[in-house]
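Notes follow once the structure below has been shown.
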Amino acid sequence: MIEYVRKTMKEIVMFIDKVIEKLNEEQVSLMLDVLENAYRQGSKILVMGAGRSGLVGRAFAMRLMHLGFNVYVLGETITPSIGERDVVVAISGSGRTQLIVTAAEAAKKVKATIIAITSYPDSPLGRLADIVVEIPGRTKLAPDIDYFARQILGIHEPLAPLGTLFEDTALVFLDGVVVELMHRLGKSEVDLRARHANIEL
Amino acid sequence: MIEYVRKTMKEIVMFIDKVIEKLNEEQVSLMLDVLENAYRQGSKILVMGAGRSGLVGRAFAMRLMHLGFNVYVLGETITPSIGERDVVVAISGSGRTQLIVTAAEAAKKVKATIIAITSYPDSPLGRLADIVVEIPGRTKLAPDIDYFARQILGIHEPLAPLGTLFEDTALVFLDGVVVELMHRLGKSEVDLRARHANIEL
Amino acid sequence: MIEYVRKTMKEIVMFIDKVIEKLNEEQVSLMLDVLENAYRQGSKILVMGAGRSGLVGRAFAMRLMHLGFNVYVLGETITPSIGERDVVVAISGSGRTQLIVTAAEAAKKVKATIIAITSYPDSPLGRLADIVVEIPGRTKLAPDIDYFARQILGIHEPLAPLGTLFEDTALVFLDGVVVELMHRLGKSEVDLRARHANIEL
Amino acid sequence: MIEYVRKTMKEIVMFIDKVIEKLNEEQVSLMLDVLENAYRQGSKILVMGAGRSGLVGRAFAMRLMHLGFNVYVLGETITPSIGERDVVVAISGSGRTQLIVTAAEAAKKVKATIIAITSYPDSPLGRLADIVVEIPGRTKLAPDIDYFARQILGIHEPLAPLGTLFEDTALVFLDGVVVELMHRLGKSEVDLRARHANIEL
């Protein structure tokens, strides 16, 4: 019996599929412009997120490195100081994860440009960000799901627990951003492979 | 212009959608039985993967922790020794990532049960595993995509670079495994939330 | 020419040597009692620190795992929720590292017992901790060195930059704590080796 | 009673103190020349070590970043490919840690220059390295301690368990290397502080 494996995968796939149509083109364009600009100017990108959102952020950061960005991850060894020319990408479904909000406030103080990936533009993280990209989901902190997510799922309670829908959608969205950046920056898969770690764990 | 964001997301979603039908029920059932058994016996689960596959593994490990498993991640601080009662979940699209194969061989020597999540059952990792769960994808090491993936994508070259299709599909698949385990172990979302880190980064 | 290698090593060694005499026996005894008690009750220990202090914390956490503690590190994958029976070990030379103070405040809210390892008992971290263990050093945030450190070094500016003296002293101190715990808990090196990761990176 | 805390700290301090005299000047000079050269040519440095040796490596890598090196850590998110112009610093007391030997072999294949920090020049890691810096210690894999360490400790069994003496000595040694590099590269503490993460965990 692997019924729930298939049903859950189907739910996640249908959720992401509907999000594709509902993406806010202006928000995503702004994000892409800031990232493209950071690449061309050699600015630093600092990616941050807690828990599984942090892992999604790392998966994105790894691809930005493959693309040739000066990208770093909050909490890793070689992350340097950032300043006003630099960009923070902060990922939090609820927009309320305490340490991410605190870190984003610190980034705000040094005048970095903050891009928030969140389901809640009106959250603490959303309000302090320069650019918000709304990715619907269900927060893990509140029992309810946001309005947008409910529209997508209909009346049913989702099978996927906690922040799963947000996290998986954010990963697929950010993988879409990577391909858009490849085209904007004229990078091919061969370029990415050349920078991909040849000794890795 | 965010055309490639949408197109890539659509490609990933369609890919995962087709994988749902093609999942090998026997392989997945075996994996679930081993995991359920490990939970009931209090055995350790050691999750390993390199690069983005390692991040997918961590996202899965975090949910296993929420479910109450004794789960650890290769390379993190508090990972203990494992032995013959324990289970390794090794994730590698190509099944050839050097350090993962070496680590899986070491696990084999101490007689742990090895579950491989890979696109290539006939790879070094696939061959040494006790259970192989095939997740199609495109390897990052070879320019070609595997036969199964080609069937799914048709004749088109995928937009998503390197291991993206494998990694995103593996994440969604493992999130399906989590929901199946919730049902088998009688766990609700409330149980998961109770173990979810309340101080997190 | 490796003159500065030797001189710096000598400086660090002399610094730690003087700290041994100046350790506050009451503070250290309290810390040991709390840790011993946590072990016997099966409470969780959550270790946290930023930058190199965080690495010192991880080195300590790894030994606590070898000793059989339920120990976790802030920011790693499988770190669960903590509560009032649990213990936080927070390491910060200055006692002002923003994210560590924020995390310790969150731990305070859930009523965990907080042990601070810091040069500044009167810092934000020191003030909110239940137990403070003073380890002298030189903070990386202020150009001056604390009074205690100055007494040890005399009038000379230290060679070792930023938080080096604090971090190295904290590591050696915590390794002393490990041996004290081995004796209190009746653990031999053989016991530690049995839990030491057999597949590690 | 904190008797063992003090005794162990004293043992570690005396051990490191004797190592200072016994440092092999030629080995250390070679290491410094390779690192200085890598800095001036903008080559990459890849630091690797398992367990507590890996944490010592990270503490060193963080300082190299503060100094302006292109430095990376095996297993972290943004670690790129390396090639023949690049340098690997591999840390392993026993010189036999499986995954580190495998990773060093992979680095050898791409013709990177390999610096091994180990107690055993004649170990698998020592033999494949281009430069070996001997740091005495006691391995965690064998019950005995190496000849050099025994000379230092005399006939007594050390209090500090497993690899502690090697790891703590390696940290202090590498902090000495950092100060030597500061002088060679004309860097002041102000330069280091400027690159030190301003948002950190």
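Assorted remarks:
Going in written order, the chains are labelled A, B, C and D, and every chain counts its residues from 1.
Basically, contacts are C-beta pairs under 8 Å (C-beta built on N, C-alpha and C of every residue); 3 or more make two chains touch, one makes a residue touch a chain.
This structure is a prediction, so every number in the text was calculated from the model and none was measured.
Two chain pairs, B-D and A-B, are weighed by contacting C-beta pairs, with A-B ahead. Taking shared numbers over all numbers used, the subunit C to subunit D interface scores over half, which places it in the same class. Centre to centre, using the average C-alpha position, subunit A and subunit D are separated by 35 Å. Distance between subunit A and subunit B, defined via averaged C-alpha coordinates, is recorded as 21 Å. In terms of their C-alpha centroids, the spacing between subunit B and subunit D amounts to 33 Å. Residues of subunit D found to touch two or more other chains are 55, 58, 62, 74-75, 77, 98-99, 103, 106, 196-197, 199-201. Chain contact summary for the complex, subunit C toward subunit D: residues 1-10, 12-13, 16-17, 19-20, 23, 25, 28-29, 32, 50-52, 54-56, 58-59, 62-63, 66, 74-75, 97-100, 140, 159-162, 164, 167-168, 171-173, 175-180, 182-183, 189, 192-193, 196-197, 199-201. Per the touch definition, subunit D reaches subunit A in the complex via residues 46, 58, 61-62, 65, 71-82, 99, 103, 106-107, 110, 194-201.
Per the touch definition, subunit B reaches subunit D in the complex via residues 55, 75, 77, 98-99, 102-103, 106, 201.
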